[in-house]
Each structure stands twice: as C-alpha cells, then as structure tokens.
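Next come two complexes built around subunit A: one with subunit B, the other with subunit C.
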Partner chain A sequence: MRSIAIAIAGNPNSGKTTLFNALTGSHQKVANWAGVTVEKKSGTHRAGDQTLQIIDLPGTYSLMARSPEEILARDFLVHERPAAVIDVVDAANLERNLLLTLQLIELRLPLIVALNMVDVARGRGQRIDAAALARRLGVPVVETVARSGKGLAELVQAAIACAQAGPNGAIAPQYGAELESAIGRIRAGLLEDSGLRALTADGGGPYPARCLALHLLQGDSALEARVASAAHNGLLALLVGQREQLEAALGEAPSEAVADQLFAQASSIGAAALDRSAEQTRTLSDRLDHFLTHRWLGIPIFLALLWSVFQLTYSAAKAPQGWIDAGFAAAAEGVRALVPLPLLQSLLVDGVIAGVGMTMTFLPQILILFFLIALMEDSGYMARVAFLMDRLMRTMGLHGKAFLSLFTGFGCNVPAILSTRTLEHRRDRMVTILVLPFMSCSARYQVYVLFCAAFFASHAATVTLSLYLISVAVALGIGRLLRRSLFPGGGAPFVLELPPYRLPTLRGLWIHTWHKARAFVQRVGTVILFGVVVVWGLYTFPRQVPLSRDFEHEIAALESAAQGAAPGRARALGRRADELRIALQQEQIEGRYAGRFGKWIEPALRPLGLDWRIGVSLIPGFVAKEITVGSMAVLYGAAASGDQVEDAGIHSRLVRKLRATGGLTPLAAYTFLVFTLLYIPCLSTVGVIQKETGSWGWAGFSILVSLALGYAVAFTVYRAGTWLGLGQ
Partner chain B sequence: MHAVPLSNSGSPQPSLLSLAPGQVGTVLRVQGGFRRRLLEMGFVRGTRVRLIKSAPLADPLELELRGYHVALRREEAETVLISAAVDA
Partner chain C sequence: MALDWIDLVLVALLVGAAAAQFLRHALRSFRPPACRSQSSKLLQIQDRR
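The block that comes next holds the complex of A and B.
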C-alpha cells in the first residue's frame, strides 16, 4: 500500500473546504503551518488499495506571494512538490478562478481541475463545456458538487492517474513579445549562474526555470531576498534592468502587465467553454441581499440576528445543561460515599468537581454558540457583516476585515488574535490585536449566564446584548484612540468578495463546532483544573481559623432543643441554626488566604458596590475567565456537604446562593459583569499578544489599559446607576 | 457623514464612483498602489463593472463583475477609471 500526497488549491469561496471535508471526513487534523499561524489542514482518503494524504492549502486568488496565505500555498507547491494538485474552480465564477489555474500550470505539477458547484452554475443558466475547458487548459477537468459528493470518485481516480502520469498542462500561458523576451533573458541568466541553477528544475531544484524567472520579474520580494543573499549581483542587475526597460515600453509595471495578460487568457478560455445565453440576471442570493444589506434594514437585521443568536443559545442549552449538572452532582455524591479522608474529599468535591463541573455545564452553550457562528460564516453572511460594518470600523481606526477577527473574539480571543494575520498592514494588525481583549469571549459569557439566571432572569438576552454592545463600543473607542496616538497613518485597502449565499453542509458545521468544543474541553482539563485547585487551596488553608464564638456548640444546642419542641418553635430554632451555619462559613472563609486577599483589595471594590468574595473570584479569572464561575461555586459553597437543599444541581444551587447570600443588588451585579467584561485579558490571551506582537511591552500595556479602563467604566456604571436610583 | 464627491473631479476620466446603482462602466485603467490586487480580482481593461449598491453608511460599494460580487471602498473605487457610465 502506498500513500500519495495531494494538495487542494483554489480561490476563497470556491468550495475548497467542503471538498476537503467530503474527501477526508473525520480523518483530518488541524495544525499551524510552521512558523506562521495560518491553519494547516490535512487528512487521509482511502481509494481502493491506495491512501491519499490530502493537504488543504489556504484559499488564495493568486500565487504572487503578497499575503502569508499566498506565500504558504506557493512555497508548499514549489518545495514539497505534491504528487498531484487539485485546483478547485467555482464553476459559477469561472474567469476569475482560472487566473489561479493558469498560475498553477506555470508550476509544472500534475494538475487536475475540479469544476465545482456545477449545480449552482446550471441553476443560474450557465452551461460549461468541461471537455472544451480541458482541451484549452491541457489538464483533466472533472465536474463536481462537493456538498453532495457528486463527481468525487472520478476526481480521485483522475488525481491518482495524474500523479502517475507526471506534470501536464499542454499550454504555458503566453505574455506577449516584450514580456516573453524578458522572461527568456532572466531564465538564461538563472541557468548560467551556478548557485541559482540549483534552484531550478534544470539544476535538480524545485522551481521550473521559466516560472522562477516569471516570479522574479514580477518583483517577488521573498524570492528576490533569496537571490540577493546568495550575492548573485549579476542577476539582480539584469532583473532591475529588465523591469525598467519593460516599464518604459509597456507603461506599466511587469507584474501588472502579467496580470493583464493572464486575465485576457482566462477570459478567452472561459468564454470558449462557457455558454451564458440562458443566464439569469437576478438570483435568489441577490434577492436576499436586497434585504440583508439594505441601506436602512441591513444593520437592524444584523443586530436582531445577533440578539437571536444569544437568545437561542440561552434557551436551547437549558435542558442539556441540567443533565450535565445532575451528572456532576451524582459524581460528588459518589466521591463523598467512597472517599473517607475529609481533606481529599473536600479537594475532589469542593475543588475539582464543583469547579470543573460548573465550567462543563457551559459546554452546551459553547457548542450552540460556535455552531451558530459557523452557520453565519459558512452561509456567506459574515462577508456581508464586514460589508455593513466597514465604514463604522474605519471610523474607529479598524479595517472592515478586522470585524471577522473581532467577531471570532466573541468565541475566544486567542484564535481571534491569531486570525489578525490576514490583515496586511502592521498598523491594522497591532490596533486589532490590542483591541481584541475587550471583545466579550465565550468564557465571560458564562459569567453573564450565571448572573443573568440569578439576578436578571426575565431580561437575560437584553442584559447580555447590552454587555456585548459595551464590549464593542469600548473596543472601537480604544481602536480609535490607538489609531490617533500610537499607530497613525492609513490602513490597507479593502477588497472583499461577497460570495452567493449557500446552505452550509451539516458536516462542515459539525467539524467546525467539534474542533472548538474539543479545545474547550481540553482547556477545562488543563488550565482550568489547575486554576480551580489553586483556588480551592486558597479557600481551604489555613485549616484552623480563629472564630468569634463556638458555633458548633451553639448549633448543636439549638438542634437538640428543637428535637423536643413544638413544631412552630422547632422551625424557628432550625432557622436560627441555619443562620449560625452561614455565619460560621463566612467567618471561616474570611480567615483563609482567599478571604485575606479579598479583604485586602476590598477597599478598591467598595466603590463598585462589590464585596471581598466577588473580589476573590476575580483573581483566578486572570488564569482563565471561566474559573471566575468555577471559583464562585467554591466560594459560595455550592457543593458544600452541609447544604440541606433538596435540589442536587450545582448550577441551580449557586444561582440560589448568589441571590440569597451574595449581598449584591442587581445594579452591583451588573457592575460586576461590566468589570468582568473589561478588567484583564486571560493568561492565554496575554501569551498570544506577546507572541504576535513580539513584545512583552505590548502584553503589559494591554493588561494595564484593561485594568484601568475596566475600573473606570464599572465605576461610572455603578455611580450613574446609583444616581438614577437603580441601586436598590 | 461627510459628503463624498460622486465624480472624480481631479481627473478627466470618470471612475467607478461616477456610477449610479444599476449602471455599468467599462474598465479603462487602474491607478494607484493597489493596482495589482485589483487586477487579480479581475478589474482589467475591458471588464464591465456594475454598481449594485453602497453599504448603509455609504461606504463601501458592492460591485458586480465577471459574474461575482465584490466590495470596494470609495477610495479604491476611485482608482478604477472607466469609460462613461451607461444604464444596464
């Protein structure tokens, strides 16, 4: 059995990922390309006795090495030389897709065109003659519909045959007399130079000489650096000379003349294969866009959709959340029965199970939220959101494309910061990275869920939406400030394809959601478990705390008195005993490390209407925001064995405890949510900021700004609310 | 919102900015530093470009060319010079 490597290349929105998912199914893994943070997806496909190793290259419009994605795709194809390349071409968008096809032909690799989404093209009344296309390109063309799996078996067979037959492509694209003669001269120069010859296929290297000459002529800075570093001055001089000569002769830079020529050929090939006579001018997608990007309706519809996403996330997650909750409560009971050592029992029940269990109850919400985000992305709506929001984003100093990163930030700040790599200008990137920690991630969302259940049960979606609006307002405001002060100057231009709306495939949505959910569970198992255990330790030690009175004795006395008393009197005595129990817990917590720390910072929290217990839960929130909730479960004793509440769920018990003994007014609770939203990026986020900006200075800057700003905004909210009479 | 000129007053040639929604222009030339990317997206000489609409805040513009839709900001749209606009 042999394994052959097949790369999938193609334009963004060509259905490349759907094709990859259809070929590899669940046999795929996602990693990063070495040295950069663009996702590298690979997987395997079995066809008869052969195993195909399939690599999904980043979607690009061109191979001219302008963006990290283009550099990656080209370097992979040139240096790894896969056994065959599948070029996914959107049949409904033939001409533009063929530009990349022609560039791929230049690389002289075994190439197959997957003419994808032929059903969509046909639906629009376009008829494409695949055989004519194959003849003109000199490579096999297979019609596919990746979402239904049509044509995939033929595609795989063609790829295997192609890998065995070797490089194809009957025609090399032609660029006109002037360009061709320059290409020829540079090619000859390359072959004469002993060092550079080794780079070319003629010298046993990876690059076809003509293609290397063409790429150098177009001013590929990465390649040129490689040539310059080898001190091949003769060739550099030749290159510069040829470029100047061409520019004078053609009136435009060689790179532009090349693009012109490529498009002319793509157009003529496309026109020959495409029959547009029955084409519809107004598609369903256009009709949808009439409303979704409407001048007046577009933004209100977007806000309404965002609101429904949060509302749906709340309501649909309720039932599964209850099951998980009950599961962990049962586990706590089991541990209590099986583990005799009190300290170990406390560690497992009050630390691990209470903390991790609490966090895990949010898994249903995370799954639903990421599913809905994936739905918006895969359907094509996200591109419209960037279209709707670009002007606003730009007012605040951000690029419209950054909206996608900011939106990802609603899920998790870490991948969102990584995704800023798609921004071409450093200024755009830096501002987006520094603004991202203010985006309300799903970990913070868990705190909202808890507090909404405890304090704002009837207005949960409204309160949550208001927090998201504060989040966006702060992010955009800070962006504007940064743009004015530290990163002045213009940004990158904005070119964004608006693909037709598509019904996403369930498989694609599931793969997307599953990767996120798995990452979440892994975090619970590592960072969050560690954080929760540390919090438990702070809460449990020192074991002996000096008490103001002998609680145990008094409680015992009350209970024995209640034994023989009349029912009414017994109830009163029981209530008194419960009050003492709570007072005892409070005194114990106050004496422990967590309490001491909380007390120490309490003066700073008082102006926000918050007490020391809330303060204690903010500390571990730096490790990961989720632990705020987990540690509250510990602090408020939601899993304490002395609790006599009939309901066994940790979540519902914590909600009740917060309401009953939290000592918070709804205004203070809201202030706390605002503070939680802004006060500090979590540890992972700080790590990524350091990595992506290459400086601890920026990471520290981010921490300081968010602490100061979080405090200022929370203070303003609390004071304004009090002034408006909302403090009761 | 500040007013944005509908036509490119500094240049004798009309640009994509001179299109009204629904109108079509034929690309003559692309100027400026962002030329290459625009060329790769299909804005080459002779291409017919239709203005679909502008975004709710007037910027960017949604354009249709070669059977696909793309959003461009006004400042980039201004670099794409066209022959006179015609109603499609």
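The block that comes next holds the complex of A and C.
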C-alpha cells in the first residue's frame, strides 16, 4: 500500500477546513507548525489501496509571504513538494480566489482545483463552466460541496491521477512586456550564478527559476536574505536595478504591478467561465449591511446591541444564579452541622464554600454572555463590527486586524495576546500586545456583576457598558500614544472579507459556550480555590490577636446586667454589648495578616474612597482577577452564620454586606470598578507579554503603566464625581 | 488538645491539596501554547468569515 502527500491550499473562508474534515474524518492530528502557533492539521484518507496523507495549509489570499500563514504555506509547498495540491476555490467568490490559483500554478506543482460551494454560487444565480475554467487554467477542476460531501470521490481520484502525472498548469500567468523582461533577466542571473542555480529546479533545488525570480522581483525579504547568503553581490544589484527601472516605467512598485496583472488575469479567466445572467443583484445580506455597517448608524446599533446583551445576561441569569447560591448556602449549613473541628469548619465554610461558591454563582452569567457573543460571531455580525471599527482603530494607530485580538481580549487577555501573532509588522504587534491588558476580560466582568447587583441594580447594563467603553477608550488612547512615541511608522494593509449573514447552528453555539464553561469551572477548581484558601489563611491567622481591652469580660458583664434590668435599660445594655462585639471583631480582623496588610495600604486607597478590605481583595486579583470576588466573600464573611437576615445565599449576603458594612458609596463602588478594570494585568497575562515580546522590560512596563493609569483614572472619576455632588 | 492537632493536620492537608492542584494547573498552562491556541482560533474565525 502506497501513501502520497496531498496539500490543501486556499483562501480563508473557501471551505478548506470543511473539505479537510470531510476527507479525513476523525483520522486527524493537530499540531503546531514549527516555531509558530499556527495550527498544522494533517490526516489520512483511504482510497482503494492508497493512503492519502492530507495536509491542511493555513488559509491565505496570496503566496507573497507577508504574514506567517503565507510564509508557511509557500515554504511547505516549495520545500516539501507534496505529490499534489488541492486548491479550494470558493465558487461564489471565483475571481478573487483565482488570484491564489495563478500563484500556485507558478510553483509548477501537480495542481487540482476544487470548485467548492457551487451550491451557494448557484443559489445566487451564478453558473460556472468548470470545463471552460479547466481549459483556461490548464489544471483539472472538480465541482464540490464539501459540506455535503458532493464531488469528493471525484476530487480524490483526480488528485491521485494528478500526483501520478506530475506538474501541470501548462499555461503560466503573463505579466506584460516590462515585467516579463525583468523576470527573464533575473531568472538568467539566477541560473548563471552557481550558488543560486542550486536553489532552482534547474540546479536540483526546490524553486522553479521563474517563480523564484518573480518572488524576488516583488521584494520578498525572506527569500532575498536567503539569496544574499548564497550569492555574489551581482544578483542583488541586478534586482535593485530592475525594481527601480520598473518603478520608473510603470509608476508603481513591481509587487503592485504583479498583483494588478494577476488580478486582471484572474478576472478575465473568471469572467470567461462565469455566467452571471441570473445573478441576484441585491441579497438580504446587502440590505442588512446597508443599516448595520452604515457610516453613522453602525456604531450606535452596535452599542445598543451590546447593551441588550448585558441587560439580557443580567436578567436571564438571575434565577439560575439564585439556585447555585442557595445550593452553596445549604452546603455551608451541612458542613457546619457535620464538621465539629473549628479550624477545619472555618476553612471549608468561610474559605472554600464562600470563595468558590461566590465565584460559581457567576457561571450562568458567563454562559449567557458567551452564548450571545458566539451568536454575534457566528452570524457574521462581528466581521461587520471589525469593519466599522477599522477607521477608528486606524486613527488611533492600531491595525484593523488587531480588532479581532482586542475582541478576543473581552474573553481572556492571554489568548488575545497570542493571537497578535497574525499581525505582520512588529510595531503593530507590540502596540496591540501592550494595549490588550486594558480590555475588560470576563474575569473582571464578575466584579462588575457583583457590584452592579449591590449598588446599581436598576442600571446594571448601562454601568457595565460604560466600563467596557472606558476599557476600549483607554486601549485606543494608549495605542495612539505608543504609536506616536515608541512605535512610529506605517502599518500593513488590512483585508477583511464580509461573509454573508448566516443562521448560526446550535451545535456551533453549544461548542463555543461549552468550552468557556469548562474552562471557567476548571479555573474555579484550581486557581480560585487556591487563591481563596490563601486569603482565608491571611484572614484567619494569627489566631490570637492582642486586644486593646478585655472585650469578652465586658460583654459578659453587660449581658448579666441586662438580665435583671428594666426593659428600656436592658435594650440599651444589649445595644452596648452589640457595639462591643463589633469592635472586638474589628480589632481581631485588623490584627490578622490580611488586616495588617490592608491597614498598611489603606492610605493609598483612601483618596479613591475605598477601605482596606476592598484593597486586600485587589491583591490576589494580580494572580487571577476572578479571585477578587472570591476573596471579598471571604473577607466580608459572606458565609458566616449567625447574622439574622432573611436571604441565605452567599452571593446575596455579600451584596448586602457590601452595601451595609463596606462603607462604600455608589460613587466609590464605581471608582473601584474603574480601578479593577485598569489596575494590573493578571499573572498569566504578564507571563505571556514577556514571552511574546521577549523582554521582561515590556512586561514590567505593562504593569507600571496600568497601575499608574488605573490609579489616575480612578482618582479622576472619584474626584469628578465628588465635585459633581455624586459622592453621597 | 488531640482534637486541636487533628484539626490543624486536616487543614494543612487540605491546603496542601489545593496548592498541589494549583501548581499542576499552573505548570500545564506554562507549557508552550497548545495547537488549539487562540491564534489558530483567530484563523478559524477568519476562516469562517
């Protein structure tokens, strides 16, 4: 049995991955391409006595080696020389997809075109003559619908036949007299130089000489460096000379002239094969886009949608949140009844159940939020938002593609920073990495939910939206500053495809939401659990605290005096005893490690209207922001028994305690939310900043800038609010 | 007295278990980014578009 390697190439969104999945089924292996986190998928397909090794290349619009994906795809095809290449072409976007096909033809590999999604094209009234297309391209064309499996058997047979027949694509793209003569001269220069000849197919190397000449002429820096190390200076001088000559003759850079020529040929080949007579001129997507991407209405519509998402999240999560809350409260009662050992009981009830239970009550919120965001993503609406934001992002010095990273940052900053690897220019990457910690991640969202319930119950969605807007404004503002000071210079062009709107599948939405839920519960069981246990320890030890007076003796004396006293006097004595009890608790808490530390940092928090307990809960937030709410539950004794309140849940008790004993005004609460939003990237984010920028300096820079900025913005909010008379 | 010791030992065991669980998770997260990294997720998003 023989095995042959078949690579699948194609534009993003051409159905490449669907085709790969349909061919390989569950026989897939997912790894990373060496050195980069771009996914490398390979799998096997059996066809008769042959095993096909299928490699799914990253989706690219060209092979011009501008992005990591393009470099990978090109290097794989050139150096690994698979037995055949399947180029997946989106039939509904034929002309644009043919651009890559023409570049693949230049590589002189056995090539087959899978004319995919012909059903979608037909639905739009487009009819493509596959035979005419095959004649024009000089390569076999097979019509497929990867989603339903139509045409796949024929495609596999064509790929096997192609692999046996060897390179095809007899018709090479033509670039016009000036470009062709320059390509010819560079090609001759390559073949004359013994060092460089070895790089070309004529000298036994991987590149067809014409293709190498073409890529060099277009200014492929990676290839140029390779050539420079293998060649005499003559060729580099020839290259520079040819580029200058062409630029003078054509009035544009050779790379642009080549792209123009390719596009003209792709258009002419596409037009010859395409019958548009029945095409619909204005689809439903177009009509929707008229409003949703409107110059003035687009952003207000987006903000209104975002507000509705928060509103829906708050109202729909209320009931399940109550059930989880009641469940943990019952667990606390159970442990109290079953565990007689005081320290163990305190650890389980005041530490684990209070902290973990508190965090778990946010599960419904997280699920609903991510479900709604997945709905926006899968329907194709998020691509429109990227389009709407592009102009604003550009004005603020961020690359349009960075919007996708910033949006990922709303979920978690760590993967968002990793995703900046798709940005081509280092300065674009650096600016995006450094502003990403300001994006309000879902861990911070839990603090908003808690505080909105306690202080802004009737305006929860508006307050939350305002925090998200502050987060975006700060990120964009810092982006602009960084771009003007540390990372000046132009950016790479941004191509964004707006797919037609589609109805998301329940399966897709479920997968998105399920992954988030699993990750959340995993974090609660590991990071949060440990965090709240540490906070509990700081809050519980040392057990013996030196007191300013003998509280217990005084309380006992007051209680015994109250027993024999008249009702009025007994009530007064009882009140006095309660005051002493509160004072005792206060002194005990302030004497423990958490209290001592809190008192130490309190002077810094007072100007923001915050007390020491809030301050202490912010510290573990550096490890993971979710620990903040868990820590508050521990520090405010949310699971403590004995307080006579009708609400039994941990969440509802903490909400009440924050309002009653926290000493916070709504203004101070909002200031705290602003500070939480900005004050420091969590430990994982700092780690990934260091890894991605390769410098601890930048990680430290990120910490210092966010601390200073968080403090400054929170201080401004608090002072401005007080000045406006909102401090009551 | 004996009960106090049992109390303390049980608490220490639980804290140790929580710390071990945390460390295991932390070590796993600091491995090189897995293939299902968000950069590939981003590509998938772009793919869908």
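The rule we apply is simple: the second predicted complex is superposed on the first by the 423 of 728 C-alpha atoms of A that agree within 3 Å, B and C clash if a C-alpha of one lies under 4 Å from a C-alpha of the other, contacts with A are read in each partner's own complex, and residues count from 1 in each chain.
The rule is simple: a contact is a pair of C-beta atoms (placed from the backbone, for glycine too) under 8 Å apart; a residue touches a chain by one contact, two chains touch by 3 or more.
Every value quoted in this text rests on a predicted model; they were computed, and no experiment measured them.
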item: Partner chain in contact with A:M64 - subunit B first, subunit C second, else both or neither; value: first
item: Which of subunit B and subunit C A:L341 touches, first, second, both or neither; value: second
item: First (subunit B), second (subunit C), both or neither touched by A:L498; value: both
item: First, second, both or neither for A:G380, with subunit B first and subunit C second; value: second
item: Subunit B versus subunit C as contact partner of A:T293, first or second or both or neither; value: first
item: Which superposed partner A:L99 touches (first subunit B, second subunit C, both, neither); value: first
item: Contacts of A:D260 with subunit B and subunit C, given as first, second, both or neither; value: first
item: Contact residues of subunit A, present in both the subunit B and the subunit C interface; value: 383, 496-499
item: Subunit B-touching residues of subunit A, taken from the complex the two chains share; value: 61-62, 64, 66, 92-96, 99, 126, 253, 255-256, 259-260, 263-264, 286, 289, 293-296, 298-299, 383, 386-388, 390-392, 394, 400, 493-500
item: Complex contact set, residues of subunit C against subunit A; value: 3, 6-8, 10-11, 14-15, 18-19, 21-22, 24-26, 29-30, 32-49
item: Subunit B - residues contacting subunit A, complex; value: 34-42, 44-45, 52-60, 62, 66-73, 75-76
item: Footprint of subunit C on subunit A - complex, ascending; value: 12-13, 16-17, 30-32, 37-40, 58-59, 69, 341-344, 347-348, 377-378, 380, 382-383, 404-405, 408, 414-416, 418-419, 421-422, 496-499, 522-523, 525-527, 529-530, 533, 537, 684, 687
